[in-house]
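Let me begin by presenting the structure, written as structure tokens, before commenting on it.
So that you can tell them apart, the chains are marked A, B, C and D in the order they are listed, and the count of residues begins at 1 in each.
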Amino acid sequence: MARSFGRTFQFTIGDTTHQLSLFSEPGLYRAHFGDRQLEVHVQPISDNCILLDIDGHSVTVYLAEEGGRKFICIGGRQFVLEEVRESAGAGVAAQTQAFKTDYALVSPMPGQVVKIQVSEGDVVEKNQTLAIVEAMKMENELKASARARVKKVCAAAGDLVDAGQIIVELEPEE
Amino acid sequence: MARSFGRTFQFTIGDTTHQLSLFSEPGLYRAHFGDRQLEVHVQPISDNCILLDIDGHSVTVYLAEEGGRKFICIGGRQFVLEEVRESAGAGVAAQTQAFKTDYALVSPMPGQVVKIQVSEGDVVEKNQTLAIVEAMKMENELKASARARVKKVCAAAGDLVDAGQIIVELEPEE
Amino acid sequence: MDLRKVLVANRGEIAVRVIRACRELGISTVAVYSEADRESLHVQMADHALCIGPPAPLESYLNIEAIVDAAKKSAAQAIHPGYGFLSENTSFAKRCEEEDLVFIGPTSNALALVGDKVASRVTMSKAGIPIIPGMKSKGTDPALFAAEAKKIGYPVLIKASAGGGGKGMVVINSPRELKEAVEASMRVAGGAFGDESVYLEKYLPAPRHVEFQVLADTHGNAVHLFERECSIQRRHQKVVEETPSVALDDRLRTKMGATAVEAIKAAGYTNAGTVEFLLDDDGRFYFLEVNARLQVEHPITELTTGVDLVRQQIAVARGEKLSFSQKDVRRSGHAIECRIYAEDPAKGFMPSSGRVAFLREPGGPGVRHDCGIYSGCQVPVHYDPILSKVIVWGEDREAARKRMLSALSETVILGIQTSIGFLQDVIAHAEFIAGNTHTDFIDKYMMPWKEEADKELLQVILTAAAVDAQGKAGQPGRSSSSSVRQVTPWQTGGGWRVGGQ
Amino acid sequence: MDLRKVLVANRGEIAVRVIRACRELGISTVAVYSEADRESLHVQMADHALCIGPPAPLESYLNIEAIVDAAKKSAAQAIHPGYGFLSENTSFAKRCEEEDLVFIGPTSNALALVGDKVASRVTMSKAGIPIIPGMKSKGTDPALFAAEAKKIGYPVLIKASAGGGGKGMVVINSPRELKEAVEASMRVAGGAFGDESVYLEKYLPAPRHVEFQVLADTHGNAVHLFERECSIQRRHQKVVEETPSVALDDRLRTKMGATAVEAIKAAGYTNAGTVEFLLDDDGRFYFLEVNARLQVEHPITELTTGVDLVRQQIAVARGEKLSFSQKDVRRSGHAIECRIYAEDPAKGFMPSSGRVAFLREPGGPGVRHDCGIYSGCQVPVHYDPILSKVIVWGEDREAARKRMLSALSETVILGIQTSIGFLQDVIAHAEFIAGNTHTDFIDKYMMPWKEEADKELLQVILTAAAVDAQGKAGQPGRSSSSSVRQVTPWQTGGGWRVGGQ
């Protein structure tokens, strides 16, 4: 039996990081998850579709990469994955962090700032609305995820903002 | 007004060759057909779709290249074009010729030879069935387009043949 | 009257819907688009297309001057407004009348009456049709709202007087929230409808939302085309609609249908419209409003009655008489619609925008997909997040429900977040199966929600991702075996060596 | 009887159709595929997929052993045969019965009777149903055929006794052509059905082809679901089908429907089937054959009656009673189907194969697309050239006809030749509009045919090609103007200088 060489991958889905090792042989892949192993026959269909045969089950997977993330859809259900790469690890982690940080209020989507409800130096409480951003005709209230002090207001009503853009910088306030 | 530089194209559709010159300016193309001129705004939509605006008429054109030919579809009607290139001109002409020649019977589609109905040296009449090729469960009789003599039989029953492949070589017979 | 060219003053799936109807009638179409919509599907499908301004709705799809100008430039004889945008805008309808453009909808007078939610509440109340307790005049002064709220008791609901589609609607549970909510509602109403007046009514926490489709010609004939049950909502916007409603028996259906026709006649309303009711579990119903436009959910009525509503709209606009009367209207089977929004149901239905990297549409018997997107298109941030609608017909509710599940499972929209997975869970929910569809359905049964993969599915997802990542560096050869694929059962452990160890 | 897993012994659009029906019923599906079909759509849609052999049909889709083996390996309880291939193969049905696999179709006995065209001619003749003059026994000896042809007079028609779909059918105008034609027909019949016996009957040059859909359960109940008019044919294969037929009035419809039910009962036939008639312009009809399978054109019956035929097939196979009787069957509106073949109508309908570089499916209200292909798929040379079916429903024939034209105009299949343009010309033809649909329609009105572009369209095509070719070398910038696109009228001459001059 030929020895096969594998490659280890790490993907995050939401907040969770998953790891697997993939071994490839002609017409066959083996995926290892710790002590569990999956044997997979892969039939490429198109740029956005592969057909997997796993244990006699046929699974059609639709996939696309967009903005550095992998969108994977099976049975009409979509999952968004980010690959954690050794070199790019820090960057990805930092970006993920930016969305969760307690010390900056960032816009979770592209949109237009409707209203900023705080000023520099204000102390804000957890769940207090700091700003309102409109996207696709919906107003979205952006709330503080913890008690904090406003360090700097980085956007004004009417500004167009990108996803991930900092709107209000915060600093710890005990 | 800036001088614009054009490029001349030749396309064949069926047996007819058409020529035009195309001039491009920012956001606008001008196509010249002899003394007639078309001004066209082009909006690329995707790899297989462009949107033309011609004289206020909006025309969505679907296109793809496959096997060296351009497939162009407008309003559910498809046209197949071959570009005649200076250098490749001879080759294209020769290939086109192969389909029309009186001196070889070629398979017009990929398929399987069911029967060869002639032998070397036979004299065949116009419209005489020389061979039967099956494709997609349909038998297609291939007939002589003129009176001729069989020079060589190049395929046998059971052979898989490609489009354009010579099945029977013929020579003039008066 | 002969109509040969219609301008469609809308975008997305509804513009596509109207363009198709016109094409079938031999009417040529003019699309209008904002600068953000140059590559949009509706632009590709029309016979003519004109850019009417920058992305902001007020400068393009709500810009009456630009649209009237486009109609004149393109020699269009009529304008179909779709839903949203200018569809219920009295000034626009009036302007069309003045410019001798046929507005495919009610007259500006009828629109003014029913389009003013407060005025129509008053009208219906006078006609003896029950309305929800609340203000019978609109306003902008928060004190006015506070007084009325105090009188009828919290919770109350703020609504845009010119509104629709849930825009500007805010529920208020206590006096503390009132001022901010009134302001927010006014802001949204002003932006969306060009009219910032709002009003307040009693908030019924969990009614059903049942509406009747009506059609009225300009010769005094009016019919209803039965009801649509639209109770499944998020952010006061409908998500799932079905017909018939499980909550109506034939007696109640007949009564509500007759009331709907009465209401529409009382208002002097013509063309297609919808009379919305709130219905409680005791069979009491309250007039809510008239939607003076083609509704997003009109296809479920089309699938069960066989009446093409856009075609009827055009016939009425041409001055034709209705070709059928109430007794000719039959319905059969059951239809369900799911709206596919560009949004993330796991994050409070936050809108999502960007590029649709790949689209696969559902198909097959009884499945209709009214779609405004295509593989590779951009979903702009400026407009309603509705991407498409999956609509199914089945012999009965259960057949339709299963067909919807199947259709959603084959719908693929990659590159942005959508509600497809969430909708599958709604349709598969035991309470939905049981027909317990009230307006609080999503809050009560669906929240919080997340796309969850069990361990096996998760492993398949990760494997696919890894194979894809690997593939970018070079795929292994395709299987060349011609025998039945031999796959061993799920293995644990085994003698495989990790490369490098 | 509880069915949990069904093997679909077919490919292409019909396999997809059956898989969808099973999915809606909660039945899991097993696809089988030849080596040429590894990437086919039906393989992608099934829950399980097994390769059953090389591309040649006899070694895969007609390979009874391989299919029965696949059913056992995958623990399928039933087999749906689709149409064509083994769908009317008595040995296969018998083998399934022996192996305790449910064959979703008639019993092998009924199949043997109606599947033998000659035997069923005899049976029907005895039951007093009119048949076309010709042989009442099959054969292989050309002398036999010559004698019968001489007796009834030329032209005559050779048909495969086990056949269907026009395979092996040859019209003979003179004794000279007879021998070659009989041989060709036997060869095709042998290849397609595994049975090379053929027979001969009088050729009616221009009848209408009208068929009745029937459904019979295993409890003695049978109904018909009205007719389908299938007269538009090329190479004896249907191209356009519609229902209702313009040639039937209600009296004739009732009479033919009752005859169809009688015929099916006389044959002891169960499950879905079709009784085909030839109809002349004087209202005389002749029994042609029973198609003992789901027909390609079944969707037009589904759209007008609301009955899901595949679901009914499965219910009957489960041993259920029909849930409705003849008086419950209602039809409404008009439906038309166009078959999209991979073929070149400009070259004698020569099959086309290769890669589908791009697919755009038609959509919208009343449009159904039963499709077996996708963007990027290969169309193999080994099988029937049917790619998909565009099916439309409309309130009446003219509404359906216009909808079909609209749907075909938005269907795009690039990279291979298809019949889409040809079909548009059929549907738009004055004789089609007038309802003059006879089996010689295509020869009489459509031939020769070529996709023709007028001068203006030709210039647009060439411009698009040139822009595309140019684009490969670098596109000019997108239009950055935000104003209404200003386009001058078609210009002739002008001051533009050709580069280099």
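Keep this in mind: contacts are C-beta pairs under 8 Å (C-beta built on N, C-alpha and C of every residue); 3 or more make two chains touch, one makes a residue touch a chain.
In this text, all values refer to a predicted model and were calculated from it rather than measured experimentally.
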Chain D reached from chain B - shortest hop count over touching chains: 1
Chain of greatest Cα-centre distance to chain C: B
Centre distance in Å when chain A and chain D are each reduced to the mean of their C-alpha atoms: 47
Geometric centre distance via CA averages, chain D-chain C, whole Å: 37
Computed distance of Cα centres, chain C from chain A, in Å: 29
Overlap residues in chain A, where contacts from two or more other chains coincide: 43-44, 53, 56
Residues within chain C bordering two or more other chains: 38, 45, 49, 409-410, 478-479, 481, 485
Topology of the chain contact graph, where touching chains are joined (line, ring, star, complete, other): other
Touch relationships between chains, expressed as pairs: A-C, A-D, B-C, B-D, C-D
List of chain A residues in touch with chain D within their complex: 43-47, 49, 51, 53, 56-58, 60
Contact set on chain A toward chain C in their complex: 3-7, 9, 11, 13-14, 18, 20-33, 35-44, 48, 50, 52-56, 59, 61-67, 70-81, 83, 108-112, 114, 132, 134-140
Residue ranges of chain D in contact with chain A within the complex: 31, 38-39, 43-49, 74, 374-376
Interfacial residue positions of chain C with respect to chain D in the complex: 16-17, 20-21, 23-26, 35, 38, 45, 49-54, 69-70, 73, 299, 302, 306-308, 310, 330, 332-333, 361, 363-371, 395, 399, 402-403, 405-406, 409-410, 478-479, 481-485
Chain B-facing residues of chain D, complex: 57, 167, 184, 187-188, 191-192, 235, 342-343, 347-355, 357-358, 360, 381-385, 408-418, 420-421, 424, 450-451, 453, 457-471, 475-481, 485, 487-494, 496-500
